[in-house]
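There are structures below to look over.
Below are two complexes that have subunit A in common, paired first with subunit B and then with subunit C.
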Partner chain A sequence: MELTIKYFGMLTEATEIDKESFTTEACSVSQLLKKLQSTYPKLQNVDFKVAVDQQLVTLDYIISNEAEVALLPPFAGG
Partner chain B sequence: MEKKKLKNVFINGAISSEFIGESIAKHQTKTSIGAHNIFLGQVRADEIEGKTVSAIDYTAYEEMANLKFHEIREATFEKYDLTCMHIYHSLGTVNIGEICLFVFVSSPHRKVVFEALEYVVEAIKAEVPVFGKEIFEDQTHQWKQNT
Partner chain C sequence: MNSYNSRYHRQILLPEIGEEGQQKIATAKVLVIGAGGLSCPVLQYLAAAGVGTLGIIDFDHVEASNLHRQILYGNSSLGKNKAVAAKERLSDLNPEITIEAYPEKLTPKNAISLFSKYDIIVDGSDNFSTRYLVNDACVITNKPLVYGAIFKFEGQLSVFNYLNGPTYRCLFPNPPKAGSVPSCAEIGVLGVLPGIIGSMQANEVIKIILDIGDVLSGQFVMYDSLTAKSSMFSVQRVDSEVSKVKNLASEFKNTDYDLFCGINTVKEISALEAFTRNESLFIDVREASEQPKIDNLHPKYIPLGTIEQNIDQLDKEKEIVVFCQSGIRSRKAVEILMEHGFTNVCHIKGGAISLSEYQESKIA
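For the complex of A and B:
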């Protein structure tokens, strides 16, 4: 399946990109993160939450095809 | 049910005092209002390990942030008897001493606006995906984190 992955804030310093298309077989958030962390080892050392299609999800959430997955570092609004 | 179009909360750069003044003036026609309450977030010149912050560069996951602002608005109207509510947040560079967040709640009576404003501001800080890069005077940076 095809996913869009977005990175924000300090995470863009770990990945050096802010958006990418990602092809993978069906997987959970934690399985996807393992793959991303092997591509971008610096993601292992930073704190973030995961949103799928603009909603925060837990690690066991099963991602569906064409979803937009966002990795969100700590919020700093206001 | 038709999905309500989300408002865009974001403004490029600092929120000016003229903008804030005009927002207040626009409410003169809403004569059921008896109390306004306003929160202004200002960028602080924090000193961290001998270096002083000179600006914050704000970015956001805009689609999700506008969705969250919408959910916060809906929850606030549900909880409090407000006549109206406005939220504006900066994106991009905001220098120290400038305003980066403007929350404006209005109601017929005063008590509700005190509670509602705190509720809205705390929800924004906790739930909205906005990110802040604190730029120091020597152009190095660190990432801000709400506590």
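For the complex of A and C:
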């Protein structure tokens, strides 16, 4: 299936892009993350939460075709 | 009903506010955590709007590198405590409100009694330990938390713990690995960004006070200042995360949030303080050849690389003060000692260089 993936904050330093189309057979969030982490090994060293179609989801969430997936890291700066 | 002077005329004109709304603003009590980049605009707008009681807690002092974004301060504030300097400026901006400055560090020991005095808490802190502490204290005291945070050109905004909405831990249950998220001090920040996010936080506070619009509860905003785009994500309350905090309420005062965030806090003392430590054991962790020697402190000479072999000859009962040339190796040595169960241990900021400069300044 075809997904749009958005990266925020320090995650863009791991991926060197902030948005991409990603074709994958993965269907759960955890499966997708494995794929993304093998494409961008530096993603293994950073913490983030996942939103699908603007909704925060857990790792077992099943993603549907053409979904927009956002990877959201915590910020601490003030 | 109070009749307000012209100060608030333009906002009272708004039918959503009116005299009644102004009265709500005048009786509101808001505590702002930190008086840095985010908090400066929060404090300015809330003071100007006439928020009746504003609390400001910050232990830090104003430095020149703060001035490009911490726009409450000027050259005359340099070296002053931020809470105190903010109060001075805000008292001029609006002398009709009460401003409480707390020139101290927010800790689990003082948080509960402090938060209990206020209606709304604004997080303008700059580190994860404080952010988790603030969240937990808000859950325990049942106060809404107006959250803002920044990273380079991006900002985050949400309102947590509002009318049983999600909390910070429902979004981020655990802190990231220590050191994995750099701070503004490490990677820089443009002054306008905390200005934007802080202003948005002030706006959420006003909405909560007036009960107007849609408070940003259950919603998490990501703002990118380079594209001027924001994305909004919905967040659900996770009851297990909230009850975990509530169940810990009795233990809260003893919680070590630095430890929770994986930070080993290394205690640091100045050269001046070092010379007042008569009872302490000093350790010079430099190599034997390094100069200048600081004979006045009568240190033991244990190079950093051999500290673990020599650990048995150190007395855990005594305070141990470590130094090196500039303060980098000594910090490492303190970390090693702490790993071996030493608790009464610190290092000297600036190392032998600072110590010898201090000695020379005393002679001169």
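In this section, the second predicted complex is superposed on the first by the 73 of 78 C-alpha atoms of A that agree within 3 Å, B and C clash if a C-alpha of one lies under 4 Å from a C-alpha of the other, contacts with A are read in each partner's own complex, and residues count from 1 in each chain.
Keep in mind that, in the parts below, contacts are C-beta pairs under 8 Å (C-beta built on N, C-alpha and C of every residue); 3 or more make two chains touch, one makes a residue touch a chain.
Quantities reported herein were computed from a predicted structural model and do not represent experimental measurements.
K.L.:
Touch check for A:F75: first (subunit B), second (subunit C), both, or neither?
P.N.:
In the superposition, A:F75 contacts both subunit B and subunit C.
K.L.:
State whether A:A51 touches subunit B only (first), subunit C only (second), both chains, or neither.
P.N.:
It touches subunit B and subunit C both.
K.L.:
Check whether subunit B or subunit C contacts more residues of subunit A in the superposed model.
P.N.:
In the superposed model, C touches more residues of subunit A.
K.L.:
Taking the superposition as given, does A:M10 touch the first partner, subunit B, the second, subunit C, both, or neither?
P.N.:
A:M10: touches subunit B and subunit C.
K.L.:
Per the definitions at the top, what is the overlap between the subunit A residues touching subunit B and those touching subunit C?
P.N.:
Correct list for subunit A: 6, 8-10, 51, 54-55, 70, 72-78.
K.L.:
Which bits of subunit B are touching subunit A when the two form their complex?
P.N.:
It comes out as residues 41, 56, 58-61, 63-65, 67, 89, 100-101, 121, 124-133, 143-146.
K.L.:
Show me the residue ranges of subunit A that touch subunit B in the complex, using the header's touch definition.
P.N.:
6, 8-10, 51, 54-55, 70, 72-78
K.L.:
Inside the complex, what are the residues of subunit A that reach subunit C?
P.N.:
6, 8-10, 45-47, 49, 51, 54-56, 70, 72-78
K.L.:
Considering the complex alone, what residue numbers of subunit C touch subunit A?
P.N.:
That would be residues 34, 36-39, 123-128, 131, 148-152, 154-156, 171-172, 174-177, 180-184, 189, 194, 220, 222, 231-236 of subunit C.
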